[in-house]
Amino acid sequence: MNSRRIILGAAVASAMVMQVQAQEVPKPGKMTPDMTEFWEPEVKSVAAPVNAPPADAIVLFDGKNLDQWVSVNDPSKPAGWTVGDGVFTVKKGTGNIQTKQSFEDYQLHIEWKVPAGITGKGQARGNSGLFLASIGKGDAGYELQILDSYENRTYANGQAGSIYKQSPPLRNVTRKPGEWNVYDVIFTAPRFKEDGSLFSPARVTVMHNGVVVQNNTELRGPTQYIGLPSYNTPHGKSPIKLQDHGDPSEAISFRNIWIREL
Amino acid sequence: MNSRRIILGAAVASAMVMQVQAQEVPKPGKMTPDMTEFWEPEVKSVAAPVNAPPADAIVLFDGKNLDQWVSVNDPSKPAGWTVGDGVFTVKKGTGNIQTKQSFEDYQLHIEWKVPAGITGKGQARGNSGLFLASIGKGDAGYELQILDSYENRTYANGQAGSIYKQSPPLRNVTRKPGEWNVYDVIFTAPRFKEDGSLFSPARVTVMHNGVVVQNNTELRGPTQYIGLPSYNTPHGKSPIKLQDHGDPSEAISFRNIWIREL
Amino acid sequence: MNSRRIILGAAVASAMVMQVQAQEVPKPGKMTPDMTEFWEPEVKSVAAPVNAPPADAIVLFDGKNLDQWVSVNDPSKPAGWTVGDGVFTVKKGTGNIQTKQSFEDYQLHIEWKVPAGITGKGQARGNSGLFLASIGKGDAGYELQILDSYENRTYANGQAGSIYKQSPPLRNVTRKPGEWNVYDVIFTAPRFKEDGSLFSPARVTVMHNGVVVQNNTELRGPTQYIGLPSYNTPHGKSPIKLQDHGDPSEAISFRNIWIREL
Amino acid sequence: MNSRRIILGAAVASAMVMQVQAQEVPKPGKMTPDMTEFWEPEVKSVAAPVNAPPADAIVLFDGKNLDQWVSVNDPSKPAGWTVGDGVFTVKKGTGNIQTKQSFEDYQLHIEWKVPAGITGKGQARGNSGLFLASIGKGDAGYELQILDSYENRTYANGQAGSIYKQSPPLRNVTRKPGEWNVYDVIFTAPRFKEDGSLFSPARVTVMHNGVVVQNNTELRGPTQYIGLPSYNTPHGKSPIKLQDHGDPSEAISFRNIWIREL
């Protein structure tokens, strides 16, 4: 009975639905708080006492010896720098030294000191360097400058905290000769494509004595003393390198070096 | 005289040049080292004694008073938390507090401590939060979680060092209750277009007790307790906010807070 | 004679130099235009006649056969879709098809058409999908949605030009059923670290009928029909996949497909 | 037989499960498909017939006049280039022209043609330029090079499709003199901080005749003919500029120019 009326009713209902659709859109269902809680994987704990390296750190220098380092000129030979009093010091003429181990992305802690009696000026005053990745002999690699930049002006992209000849530090935080400086570095290595071309450039964040001086800075390529940098040398994991700049002045010392792979 | 011969010579020379061009390409002139030395502007010096804030820091808490802070519920009212012994402590029920001053991109240093006698577990154990930018009343903003995560598991994106409900910390570096934790934060505020849509998301790097736990992490939007974050609220410079989570447990303390505008 | 005066003069000169140094800094040497001209390597030429694929393109469908494609369910079997009149068409129930070849970063051109007589609405109207990288059976991968979005509203992140369930298109550029649509896609594959964690997310730029609808959009992970995407499945080069959505409606056709490795 | 053993086995298994459970963590609640469907805001439709500008495009040249352009030397004066046959052509010596309107982020379509009878070589052969943002008189701005690069080698970062003196095109896609070339450009303007320093660099994607030649390339600063680019000139929205290079050769023509603000 009355099937016509029913059909009519259905048509009316259908028209109403269409009218509603013209005005409204579905609302996504309500989520609950737990739906955005992610439990796995559990985050690893690496807490350590104040001033101790984190639990997952590889100690590259603990004050005793240079066992983690070798000569850059001949990696089969030990690092020839001087160890004493819990620090090690550049030994002029022995050349750069680098870690035995290779790294890709990492966090590095390193402390360096220009001797109190430093002389010279500009680049010839307490010059060394931390190569974030050594990609060959000599100074090949990505250099974070080490220099006495305390009341010693030089070009901005050549002072302490600079990515040498590329990026000046945001601030000059260098302490007086005789005082220790700290670099805390977060380094992301460049990646290359199969054909050797660049996929993504190196990036670095540097805290100098607790002040950010490089904030996720993009590197243009390996450091060039002359000319413009570019990524011509594809590479993978690399050692970290310290520079014997060979200057006629008192030598730079280092202590308390550790690294964490990221 | 002999202009024909000269012309001929010119034609020969021209042909030779063309032949050379078919084989070789010009070599850019050699640069000199000074051409990539940038002297201006001079980098500002902000060096400070060990453990002192950098010279360009704005001290947000020096151990004496909360003059740099106000109540979030009523910014015309002073912050109602408790000051004593060089620290200040959440006063349950007084609500969140925020800085008088607004900031955009910055570096922030802050130390926090869960009391030794803490009870409860999961999120109900030493819960507070650092809102990297407060964009409204209550908990509106971008929260870097503060929690007792020492042997107190919760969801990874809700533990200390997490961008709450977004990004877990890379590592758990939380010290025991009763010990001080340090956050060193580099924050890049989001930018919005004229029409209110997002131009670039917020980014943050966090060092927790000297260990990188967020490495230039991209934030998805303001923190959402329920549901998915998105950038619906365009904003400019914003105060920094600390959370009164109102938990039935001992309260969190803070000390040694400073900020540097970037 | 008067050596004292000379010495004095030298001292004065020296003082002047010092004064000058206090005010001025060295100026980098002037470069010449050629120093920023880079001749090598020579850029490869790939020019082609109007509407022809570039000279370095791999043609994935030239109108004749599906020789470049296989069944996703059983990659040892040929793609079972229908070829005719210079196009190929989804054959309902035969399942998804994918390229024989795998790709990493690339530019892709593809044309698709919803049949003129399409019925249904929302997601059930001309639904297919282009998986920018197929990372498993079925619908595993990163889906750029294909749908009749001409006067057919659905959720913004599910319409034509969307990264499905992630990123809505900037604009709706879908043409009427019966007309051809063009996607020009620039895809950067995600990269993973040795431990399987994400190094860099996938990125995509999409031009839909010549209008940019995705502008270097960062993908959150492989497409999830339910829940939140994340990068849990490390992978390298991957096939490109087209979806047999199995809807009870007329089927989608494709033509003129080519790809260039980047 | 041996049901006790079986039961025991079950109890052991159960205990093992409980032990495992003691190690397990809460599972987030299951989401439903609609929870990741975003309906608002509705995506605007801009579909247009094949070869017509999108519906939201501002037509900068429709074949009839240069009403949207002015002289760069004197923006109060009309653009002095030659209009005819649906195209306009550089009128040597009248100087650069720029749009009346200023733009920030945008998509631009432009077609250009080197005349069939072109002579000269290297940079002196069909030289013009598209300044993605004009930031001053003359050639101040960010130049996407226009040049006859068909069988006409020059430095890679100076040929058609290059960001001049910065980034070579990925491929050379230049057609023969007498044929039309197409640039489809997606430009993101640089952003500056309050103090005038750079917040984010300009970025550009360029399709040349349908081939990607710049893929979200980061610009180093405004174009420098001599020396190194850097962001010394903060600016907001800017006109788009075309170059009268003033070469002793046949002039370049343009047609079919439209832009969409992003």
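Read from first to last, the chains carry the letters A, B, C and D; within each, the first residue is number 1.
Everything below uses one rule, namely that a contact is a pair of C-beta atoms (placed from the backbone, for glycine too) under 8 Å apart; a residue touches a chain by one contact, two chains touch by 3 or more.
These numbers come from a predicted model, not from an experiment.
Engineer: Once you count every C-beta pair in contact for both, which comes out on top, B-C or C-D?
Structural biologist: Most C-beta pairs in contact, of the two: C-D.
Engineer: If you average the Cα atoms of chain B and of chain C to get two centres, how far apart are those centres in Å?
Structural biologist: 31
Engineer: What whole-Å value do you get for the distance between chain C and chain D if each is reduced to the mean of its CA atoms?
Structural biologist: 15
Engineer: For chain A, give me the residues that contact two or more of the other chains.
Structural biologist: 25-26, 31-32, 36-40, 42, 153, 155, 228
Engineer: Chain contact topology under the given definition, line, ring, star, complete or other?
Structural biologist: Complete.
Engineer: What does chain D use to touch chain C in their complex?
Structural biologist: 30-33, 36-48, 50, 54, 56, 107, 109, 150, 153, 155-159, 165, 168-175, 179, 184, 186, 188, 203, 205, 207, 209-212, 215-216, 224-228, 260, 262
Engineer: Which positions of chain D touch chain A when the two form their complex?
Structural biologist: Its residues touching chain A are 25-29, 31-32, 34-40, 42, 218, 228.
Engineer: Spell out the part of chain D that touches chain B in their complex, as residue ranges.
Structural biologist: On the chain D side, the touching residues are 25-26, 36, 104-105, 153, 155, 191, 193-194, 199-200, 228.
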